[in-house]
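Please find the structures below.
In what follows, chain A forms one complex with chain B and a second complex with chain C.
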Partner chain A sequence: MLTDLERKALQNRQRQLVNNLFDQRKPAANGLMVYRNSLLMNAARALSLTYPVMTQLIGEQAMTILARELLLNHPPHSGDWAEWGGELSDLVRQTQALAEMGFLQDVARLEWVLHQVGRASPAPIDVTTLQHLEQIPLNRVRIHVSPAIARISSDYPLEAIWRAHRHLAHSESLDHRGLAEAVADHQGESHLLIYQQSAVPRIRPLSALENQWFIDIQRGLSVAELLDRHPQMDFAQWLSDAIAHRLITHLSKHFF
Partner chain B sequence: MNTKQRIASAALALAITTIATAPVYAEGKEKCYGVAAAGQNDCGNLAGTHSCAGASKVDYDPGEWKLVAKGTCESIGGMLKAEAKKRYQESQR
Partner chain C sequence: MTCSKNSVVGVGLRYPHYEMALNGSSSIDFVEVHAENFFAEGGITAVLLDDIRSHYKLSLHGTALGLGSAMGVNEHYLERLKHLVERSDPWLLSDHAAFTWSRFNHQDVHAGDLLPLEFSHQAMTVMAENVDRVQQRLGQKILVENISQYVTFHPATLSETEFLVSLVERTQCGLLVDLNNLLVNAHNAGCDDPLSYAKAWLREIPPHSIGEFHLAGSTPVPASEILVDDHAQPVTDSGWSLFRFATELAGPRPTLIEWDNQLPTWPELVQQAERARAIIHEVHTNAH
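Up next is the complex of A and B:
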């Protein structure tokens, strides 16, 4: 049986070992280096699984360097590697050699969101609250977007870049022409909706109108305000689609 | 009824249809063959001749199905897929 003092001393030694493992800048004895390398390889492998398109774009060696930086600055908080690596997009932005290729940050952002959405439990829809559309004045009814979906906006043709590279790991060849056309045709911002269907994350483009509609819903505008602001929106079709793809969780009534 | 309320009512009507037919709401339900009136089937039939809801031509065709609450199919005179498939194959011989 350990005494309280011994337990505390053991905890301190374990904490020091973990700190030494993670802080790859500190010099280390050979034995510790084995553990450090093993940790780095695990981290790099985890990062490549979460970011397969980034790995295709910059290569495994660069991903290992980024994994090392992430370990230093953002060590994992749980024993699950799948929960680690969300700061990659920020790291890419701060890394001079990569920052010039602005689309890389957005690809990293998209892959993290895909990873998160794919792991989220689909939020159930309280279909009884749809009755508010007939029973409550529309200026008191709000729509609630599912926490298990996400939107991303980018200055780049993000979906085309992602789709062109995602199968490369399976030795398909890059569609250079298709990608070049998508980049040449691209104008302004692109907006993507990421949602889950049959436990798989899906991507689909959003028009600027649909994107603004989502923004206004998330700002808390009432259904009456939404319909006033977006007269061109086909509300019935949108709601039907939102229900079919679990994009919303419920409607709520609010008081002034 | 003002325009916005009309839009909202139309949206509610379509939403109810979506809930009734979307596969995502099919949890706790099962395919029941031979209980659909003509034009009231859900999705594709055993013969593979159509894949759309509401496309069946005759009442209570054993090749057509509807989603019903789990465990209630046989009590309303229907068949589960294995039985329906067997009968369908026999009828094709």
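Up next is the complex of A and C:
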């Protein structure tokens, strides 16, 4: 058995090494540098796996610099590198050198969501609850969106930027002019739905109408209220698609 | 000496080799994967894990348990490892004699690496508590691997082998002996003859406590520079020589080739495992 004092002392000695490891601004001896390099390389590799398009856009060196910043301010805490780096979008927003490429923050946000959705276990659909649509007044029926899907809205043509980069081996092969035109021509907000199909995360654009439909579902509007608010929506077709792509989990009946 | 179920060889399975490993035929007996890479509840890794298990015996190798952490093993991590173990029913389960959970900037952190332990009675008590807790939670014996280390953490009151032997006695865990780590540590300690150092280290370990060997190679450096266990090269001649000695001493044990950086082709990797198998058979034949 250890006394509390002995345990605390050991914790402090271990903590001292960890502090010297994470705060890479302090000078370090050769042995400690091996650990620092290893930590930074692990972190940079994790970021590049989670954010492949960001890596294409700004390069590995810039990603390593961002990894160093993230380590200092948002160190890993789960033991799984795949869960680290969710704050990259915020860091990009705060980094002056990247400010002129305003879309980067949204690309980072999209890649993090893709990463999360791609690792999630798809929620099953309780198809028995579909009978609520026939058995209960629609003003008492609510739709429940799957927790394993996500939506993103952006002022940039986010899908075009992402698709242009995701399979590139080298940024030199990018169609810069085409992409620049797509960005310049883009007007208004773009909306994307991210969901999982065949164990792989997928992206598809949402119209402004579909996006608002999802927002209203998540606000808890009943089916009757949804249909009232969105008369242009083809509910039967939407429901069929939502079931096929596991976008919803169930319908519920609620009481006033 | 028997040459049966322990005469098995495997390789660390890394992503670029998945297609070859899972679609072609292979002579290897088992593969090792890093546990954390399969923590996701869904997605492609969950599918891959099932595919891997249908082809090979599975060794789950953790890199983040932090068994020597004075603040204990992270509960959330342990719960997820338990879930993965239940899902994958691994043939072997291992992690390292290292610490990794600590505090930084007033928050709990995972240090992202295998940090060295001080070889003291206090650290031993902590390590034994953590190993006990993990084995009880997982309902399974684990193997604990000796690490390469690049700083001396604290004046030692035990040798590394005394520390590990005591750990085995107190917890009934097994040891995963990484032979390259012994050579790396000997180099970095300034030993003139790393191979002799490593052999002496092995003689201090009861053979029955060894449950697996790891073999790897490191990028060579001049004697005055720090040698890093980068798993980026084939097993060295010293590594093979040490493996023959270890097999003579302990008998055949499941043996794995670790190669993580500057990956070779799949056939080259398998060839390394086959060389290990040949040595096991030679030692077995000579012993009879």
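Annotations for the structure displayed:
Everything below uses one rule, namely that the second predicted complex is superposed on the first by the 238 of 256 C-alpha atoms of A that agree within 3 Å, B and C clash if a C-alpha of one lies under 4 Å from a C-alpha of the other, contacts with A are read in each partner's own complex, and residues count from 1 in each chain.
Operating definition for what follows: contacts are C-beta pairs under 8 Å (C-beta built on N, C-alpha and C of every residue); 3 or more make two chains touch, one makes a residue touch a chain.
Being a predicted model, the structure only gives us computed values, none of them experimental.
With chain A as the common reference for superposition, the partners chain B and chain C occupy compatible, non-clashing space.
For the superposed model, the angle subtended at the Cα centre of chain A by chain B and chain C works out to 90 degrees in steps of 10.
Using the contact criterion defined above for the overlaid structures, shared-chain residue A:I243 touches chain B, although it does not reach chain C. Of the two partner chains placed by the overlay, neither chain B nor chain C lies in contact with A:G188. Judged by the touch definition given at the top, the superposed model places A:F235 against chain B, while chain C stays out of reach.
Greater residue coverage of chain A by touch, when chain B is weighed against chain C, goes to C. By the touch criterion defined above, A:H77 lies against chain C but remains apart from chain B after alignment on the C-alpha atoms of chain A.
In the superposed model, A:V200 lies in contact with chain C only, and not with chain B.
Legend: residue contacts after superposition of the two complexes on their common chain; A:P27 is shown touching neither chain B nor chain C.
Across the superposed structures, the minimum distance from chain B to chain C, using CA atoms, reads 14 Å. In the superposition on chain A, the residues of chain A contacted by chain B and by chain C do not overlap at all.
Those residues of chain C lying in contact with chain A across their complex are 36-37, 39-47, 64-66, 69-71, 74, 76-77, 80, 99-105, 107-113, 115, 118, 122-123, 125-126, 150-151, 153-154, 188, 226, 228. Residues 1-2, 6-7, 9-11, 13-15, 17-19, 21-22, 29-32, 34-35, 38-39, 42-43, 75-82, 118-122, 148, 196, 199-201 of chain A are the ones that touch chain C when the two sit in their complex. Chain contact summary for the complex, chain A toward chain B: residues 127, 130-131, 133-134, 138, 223-224, 227-228, 235-237, 239-240, 243-246.
Across the complex, chain B meets chain A through its residues 4-5, 7-19, 22, 24.
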